[in-house]
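Heads up, the next two complexes both have chain A, just with different partners, chain B and then chain C.
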Partner chain A sequence: MTNQNKVLNHIKTYAVTYLFIALSVFFIIVSGLDMNYVASQLLLRLNRNAFIVLALIIPIVAGMGINFAITIGAMAAQIGLLLTISWGVTGITGILLAAGITLPLATLFGFLIGKLLNRMKGQETIGSLILGYFANGAYQLLFLFIFGNFIPLSDKVTIVGATGVQNTLNLTGSVGLYKALDGVLQVSFSLVVYILAGAAVLLALLQFFRKNLTGKKFAAILILAAVLVGLLQIPAIADVFSGAGGRQLIRVPVVTWLLIGCLCVFNLLIMRTRLGQKFRAVGQSQTVANAAGINVDRTRVIAIMLSTVLAGWGQIVFMQSDGIGTFQTYAAHEQVGLYAGAAILVGGASIDRATNLQALIGTFLFHSLFITAQSAASNLFGDSAVGEYFRAFLSYGVIAIALVIYAWRGAKKRKSSVDLTQATKE
Partner chain B sequence: MSQVLKKDAKPKGRGRKILSVILFVLSGILLVAAVCGYYLQGTEQTRASLSAMRTQAVLHTASDGLLDAIASQARSEKLKELRARKDFRTLGLDEVNNTCDSAAAEARAAAEALYSNPRVADSAGLETAVVGLENALSEYGTLRNAEREAYSGIYVSLVENVPDWTDLADAAGEDDSALFASLSAWSEELSSEAYAHLQPGIVRLARDMADKERAREDEELLTQLTSAMTGAVSDWSEYAGVEDEALWAGLSEQVDGLAENERFRDRLLQAAKERISAAESGETVAEAVADEGAATVYDTVTDYSYFTATEALNTASAASEAAFEGLWSELTEIIPDLSELDNKMRNSIRTTLENTVWAGSNDFTARYNAYAARQGGTALSGSTALAMQLAASAQNILIAGIALLLLAALLMFWTRLTGSFGVPRTIITLFFIYLCLAAVFYHISVPMMLSNVLIRMGMYGILVLAMMPGIQCGIGLNMGMTIGCIAGLLGIVLSLQFDMAGWGGLLFACASGAVVALPLGWAYSKLLNRMKGSEMTISTYVGFSFVALMCIGWMMLPFNNPKIIWLLSGHGLRVTHSLLGSYAHLLDNFLSFDILGVEVPTGLLLFLLLGCLLMWLFSRSRTGIAMTAVGSNPRFAEASGISVNRMRTIGTVLSTVIAAVGIVIYSQAFGYAQLYTAPRQLGFIASSAILIGGATVRKAKVSHVLFGVFLFEGVLVLGQQIANSAVAGGGLSEVMRIMISNGIILYALTQTGGGSRD
Partner chain C sequence: MASEYILEMNGITKEYGSNAVLKDVTLRIRPGEIHALLGENGAGKSTLMNVLFGMPVIHSTGGFRGEVLLEGAPVKIMSPMDAMAKGIGMVHQEFMLIPGFSITDNIKLNREISRPWPISRILGKDLEFLNRPAMAGDARNALDAVGMNIDEYALVNGLPVGHMQFIEIAREIDKTGMKLLVFDEPTAVLTESEAAQLLGVMKEIAAKGIAIIFITHRLDEVMEAADTVTILRDGRLVQTLSKAETSAEQLAALMIGRGEDSIIHVEQRGEEISGNVAMSIRNLWVDMPGEVCRGINLDVRKGEILGIGGLAGQGKIGIPNGIMGLYEAVGSVSLFGQDLPLNSTTAALKAGLAFVSEDRRGVGLLLDQSIEDNIVFSAMQVHGEYLSGPLRLKNVRKIREQAREMIEQLDIRCTSSLQAVGTLSGGNQQKVCVARALMLKPKFLFVSEPTRGIDIGAKQLVLQTLVRLGREQGMTIVMVSSELQELRSICDRIAIIAEGKVAAILKPQDSDTAFGLAMSGAKMKGGEAV
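So, the complex of A and B:
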């Protein structure tokens, strides 16, 4: 393949991502928002959403498409949070308890989802979407009629004199779950950059002397680190992240970021295990995997179970995070699948390919549009509602485009293989 | 593998048979018991027992009332005594309550010994008085119900039909009779002499409605102003510490229309200050985003506070008053202390007494329950009491028996039923039959339900019909039919833009919607033709995206009729458009008639039947047969020389166009057209209806459409009513809708998938 072809191919694969980068830059400029505000919001949202988006990777690799049924994982997490609030457990213990309740619930749900999706192979995306809707009905039933009536809850979460759980659950104040992870340790953004740059240089040095790294790559890492550190020395950029001029000092919640980092490492490591190999084999071709003696159905069920549990924990990370504080008991889970799915696709993932980096970049880009869309629209069209609708359009549109591209490629592949067989026949 | 299955199947089948036999026996026992109960209801002896119960209940009500009066008097005396004490203020609220309660309890206990078993010297006199009161009350009640019903009819037709109360009230000015006369344009009964007495109430209603309408418009304007204000100001902290006058002037400069709306000044300034203080603390004020949920048919609830009684009713009321006096004097003879009660206590006893004597209907169960609630049961001895209970719960037992019978039949004929009917359809059909029977038990008016089901059938029917060509041509469930729906909505707003009303407007909306749907459907079909195998996923998301895109479109399109655009900003279509002034219910009311209390929307149903007929004719035509072949077996179709892509294009375009017409019909039956996110879920609703009707993702017939829409809407309408009367608070019916609708689509998906995707 020539160099030019390579570039062309790269642009083709990442067309959506480049489009979104251009859109983001355009929107940030048009919105006229303070960069400090944009940066702080972006960091907040990345922190909130990255975990859930990362939970989508395993099913994609296992060839099951975007698992919109992660909403069911989120429901499991909300059951966990509800019980935690009802029992009055606070702080880190509360979060751990909620995560502990989520684990068996999400595992069970994931098992059932996997079993059902095995009966609709090739339709997993739509199947998981509708399954999410269906589960929403069961969730409403549970929260409206079963909790409080058959499963006793404390007065803190039920409506006195009526059936069902309150419409909004508060996590702040005496409930003590708000920022239970985020608030543990926060350091300034620039410090994080310095530490990361230092760590990267050290690691690269080590690898370079062990001859695991080529000189070219080593130099690239050095330059990247230097550029990052150097950029922070420019006053205009440093101001964005520091508290100068009455702005907010941008802080990074270390524990949450560590959790997100752990999940990235987990995603990487699991792909190197036997199970990860199975995921990949099943994702590439079920027929081949089956012939190689892999239990295809079982592997798929495991992938969905993992994804559901991770999504549940992701929802807990989301709920406790900075700037949320309360959650809509009956609606908080509804958009989880949509936003996470759109985010990972924006990052350049497709229906059958996804990496950690794509998930993180996608979350970053998607939310940078999310933050700026309203102001940009009100500046462009004099109406902020347009921005709201534009956000919805972006979410659905990017999923539709990804699905279309994937189906298109599939149809082409099929056609060319048909042509090939016909050609060989002739 | 197959051998294992066979081994498994035998004992399973046997267990099911045994279980079903047991259920049959059980249901038989229940049915026999129910028949016995119904027989008992008619016997002389039960009638006698029932009136004995009534007398007893009346006595108990009176003596209970006396006891309550004595207890409450003791309580208030104790309170007075406490108040007189010097240290009253230092006593806690709990202490005061406890002391008073114990005093009341003591007095009640003492009084109970005296009055709880009143002796009846002359029961004949009491019974005559009770019968007299019952007759008077029943006459009064029947008359009152009839009048209220007539009033309710007028009220509902006014509230549903009057397009603009403010206009009416303004036109009439202070002249009440003119206002009343002008209202008769929307409710024909009002012009008749028989309803002249309603004038003061109805006039008050009209004025109140006009006030409410003005308030609502103001509220809408205020919301828009607030959001315009939020959008116009990029940095609120600039305004920190600015005086009211200067703030108002500054904002008026930035926001269009603010200066003209001086009357909202205080509330807008309040909102501005909230944003300023939020901006200073680095937060933003959450904007309330109104999300229009899925469309529901609202039933207008009659407000009786504007009701005026006729002379006849007043006379009947006086007669019942006199009858009550008679009963009261009989009672005071038996319990002399009753005469010492003050008027307030007497009136409260009177209400309970009247409710006891006449339970509102002559239904055996209702009467029994009313008497039993007032301890009338003490008049009966052991075996009679049991017989009465059996008679009273005959209906309950019957319903339970029928439910068991259905369940037993389901188990017995499981294989045969599900074989020809499919598992979900069998279950839903049986569920529907059960709901119908339960409706009787919950005293839900069946004719009204049936009218509702018929309307909703016609309302959704065409939309469900739109699913059919999609399935037949092989694209499966056309979730992207929302594209057609949006085209239809565009047709509606176009007709509103040009102020078209009546049949012309409806026709124009249908036609222009269909015309817009043509190119959209064609482009959409070209897309789907390249995505064979994953149409359902693609069409769902293409539909969603198109809805979201059109949300922006509705905001930006250059409509300028002030009736349909936002009042303030001067552009952008509103979310909900009332069709009441143009062509709402036009088709419903065409040739509509009442039969046995069922309102038949003839025009609507005829239109649906016509659509179905055309569809049926089409599927028998050469193209239709070719299309069906493509849907059921594309490879075979291709081999026999049919152009698969061409057939798919025809089917998709047809589906889109029918959806466009369908949403117009839907909106005229609903009375409102809803834009923005409202059409998003319509594809799911239509899909589940046709699947319930028995279609698969490869095959669909006209009968599936009709049966499906009837069954789906039937279960929803009945289920909603029953769920609401069985469980306090709504929500259960919505849960049922979500689960049935999505469950059936999931089931259909499991039937197609399962094969390897390679």
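So, the complex of A and C:
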């Protein structure tokens, strides 16, 4: 393949990503928002959403498409949070308790979802989407009727004098769950960049002397680190993060970032195990995997179980960080699958291919549009409501495009049994 | 060695319902021999292999009778996994490889070498990390054994088809304890030099003491590589021969055999038809999955019944489907001197062609519609007949009259012309298909597998109808069929298709050997394609 072809192919594969990069830049400029605000919001949203988006990777690799049923994992997490609040457990302990309750619930739900999706092979994406809607009904019943009536809860979370759980729950104050992870340790953004750059250089140095790294790659890492550190020395850029001029100092919640990092490492490591090899094999060809003696159905169920549990934990990360610390009991899970699915697709993933980097880039781009859409729309059209519509249009549009591109590529890939152009040559 | 044979399958009988597909077949394989398994389609080769591998299709339909002995000890093989564990491997005709995986990962799929660590000791082997260098080492050895000096880390995607075949073999011989390997038509997709290399590899494997069952239809390869040959026909064992005491000609004759007497008896035409050319096919390529044509050259003479025969998958069905525009085709076809545009079914129908498809229920019929609607459907759509009035409504009266006539003429057994076609028997459905083709008043009729799945009485009727159309009405008919006996009873000439090309054009009275050799793709003297 020539270089030119390589570039063309790359652009074709990542057309959606490049489109969104262009859109993001355009929106940031048009919105006229202060860069300090944009940067702080972006980091905050990356911090909140990345974990859930990363939970989508394993089912994609296992050939099950985008698991919109992570919504159900989120529901499991919300049950965990509700019980934690009801029992009055606070802080990190509370978060751990909620995660602990989520684990068996999400495992069970994931098992059931996996079993069901095995009965609708080829339709997993749409199947999981509908399953999410269906589960919403069961969730409402659980929170409106069963909790309180059959499963005792404290008065802190139920509607006194009526039945069901309160519409909104407070995570702040004495409940002590708001920012329970984010708040543990926060350091300034520039410090994080310095530390990361330093760590990268050290690691690269080690690998270089062990001869695991070519000189070219080593140089590239050194230059990248230098550029990042150098950029932060430019006053205009440094000011964005430092909060000079009465703006906010941008800080990074270290524990949450570490968790996200751990999940990335987990995703990488699992792919290097026998189980990961099974995921990939089943994802690429169920027939071949089956012929090699892999239990295809079991592998798929495991993929969905992992994804559901991870999404549940992701929802806890999201909830403790979201907004002003209120828990919309009946609605918090509703858009989880949709936004996460759209985000990973924007990052360049497809129905059958996804990486950590794509998930992170996608989250970043998708939310940069989310932050700026409203202001950009009111500047362009004089109406901020347009921005609101644009968000919905964006999420569904991206998913539709991804599905169409996938179907289109599949149709092109279906090899014909004989090359008819050959005929004319003879 | 406890037993002379590594595998013995004694008196295997398998019935699907009342239909016996294997009748008392015995197959005995010695260690380290290459044992060719020969037979036409439907002879029972694949069913025998399904029994050997314990495929679910066998066990879910009531199992089989007879015994299987492995190294002298009776065994019950309940699943393909079970067969694998007992040292029986398969090199598939369709590749069982994952394109996005490296060669190493494919060879070691689900047999990965992995390293345990504390967590995997608790949670199970699935979480052990892969030991890629060790896996690559094994893959390298297996690749060397099959004579492939390709990079073991290369992706399978994009490799030439021939390489994939060798990777499959490398994977099988990498399995420990492999005693018996089944090669299912391994050379079908290979070039000549690759096929020669493959035969060499097979001999090397056999020399190591692994027995090989070699399923093929290429007699020259059998003569080249096999030690012993077993021939099946119609689910029965014909003979097991040592190669030294046989010849390709004998094998060809045994494979075809004189079946039961002709289904119908038709007087051969006295003089040869030497009339004008009705259809001339030049360099026709058709992209029909599983039935690819690779450069067909054929002339059909006016007024003759031309048979097209050959084994399944060789491309005979691709010819009518390609010309009728149902699958993508290139090449040139002329009909009565006029060029026929390809890839357009409408143009083909308008030019006076009609086609009775082999896929009766899929392509041929509207199953929920009445007999009369089915009969006139094509004529109505293509020629705008049986429509009347300014709104071009169906002329029900005329349609019914016409349908009655056809029902009588072809003896379609039904309650009335309004009966839904889906409720008719297979033979009567086939007659409706023929009736519909006739309503187009074709000058040229393609009939594909007209007797597939219908009973003997209906077969006779369909064949007699074709003969009558040909002889009495002078219609030119091309009949494609897997049943050589049928072709030999009604056709004037028979073209045998092998590997997408015309292998030979034979007369019905030519010898079984000639037919057998042509079907196996061997070059024939004097049987050149026209």
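Definition applied: the second predicted complex is superposed on the first by the 411 of 426 C-alpha atoms of A that agree within 3 Å, B and C clash if a C-alpha of one lies under 4 Å from a C-alpha of the other, contacts with A are read in each partner's own complex, and residues count from 1 in each chain.
Operating definition for what follows: contacts are C-beta pairs under 8 Å (C-beta built on N, C-alpha and C of every residue); 3 or more make two chains touch, one makes a residue touch a chain.
What you see is a predicted model, and the numbers here were worked out from it, not measured in a lab.
*Asks:* Output check: A:L275 vs chain B and chain C. Expected answer is one of first, second, both, neither. What do you get?
*Replies:* In the superposed model, A:L275 contacts chain C only, not chain B.
*Asks:* Quick one: is A:T287 in contact with chain B, with chain C, with both, or with neither? Answer first, second, both or neither.
*Replies:* After superposition on chain A, A:T287 lies in contact with both partners, chain B and chain C.
*Asks:* Given the touch rule stated above, what does A:F393 touch, chain B (first), chain C (second), both, or neither?
*Replies:* The answer is first: A:F393 touches chain B but not chain C.
*Asks:* Should A:I195 be classified as contacting the first partner (chain B), the second (chain C), both, or neither?
*Replies:* Neither partner.
*Asks:* Among the partners chain B and chain C, which is in contact with a greater number of residues of chain A?
*Replies:* When the residues of chain A touched by each partner are counted, B comes out ahead.
*Asks:* With the two structures laid over each other on chain A, which partner does A:A15 touch: chain B (first), chain C (second), both, or neither?
*Replies:* neither
*Asks:* Look at A:L131 in the shared chain and tell me whether it touches chain B only, chain C only, both, or neither; answer first, second, both or neither.
*Replies:* first
*Asks:* Of all the chain A residues, which ones make contact with chain B and with chain C?
*Replies:* 285, 287
*Asks:* Which residues of chain B touch chain A in their complex?
*Replies:* Per the stated touch rule, the residues are 227, 230-232, 234, 282, 287, 289, 527, 530-534, 536-538, 540-542, 544-545, 547-549, 551-552, 555-556, 569, 572, 676-677, 684, 727-729, 731-732, 734-739, 742-743, 745-746, 749-750, 752-758.
*Asks:* Would you pull the chain A residues touching chain B in the complex into a rising list?
*Replies:* Counting only chain A, the residues touching chain B are 32, 63, 116, 118-123, 125-127, 129-131, 133-134, 136-138, 140-141, 144-145, 162-164, 248, 285-287, 290, 375, 378, 381-386, 388-390, 392-393, 395-397, 399-400, 403-404, 406-408, 410-411.
*Asks:* Please name which positions on chain A make contact with chain C in the complex.
*Replies:* 269, 272-275, 277-278, 280-281, 284-285, 287-289, 291-294, 416-418, 420, 422-424, 426
*Asks:* Please output the residues of chain C touching chain A within their complex, sorted ascending.
*Replies:* 80-81, 84, 92, 96-101, 105, 109-112, 114, 120, 125-130, 283, 285-290, 292, 294-295, 328-331, 500
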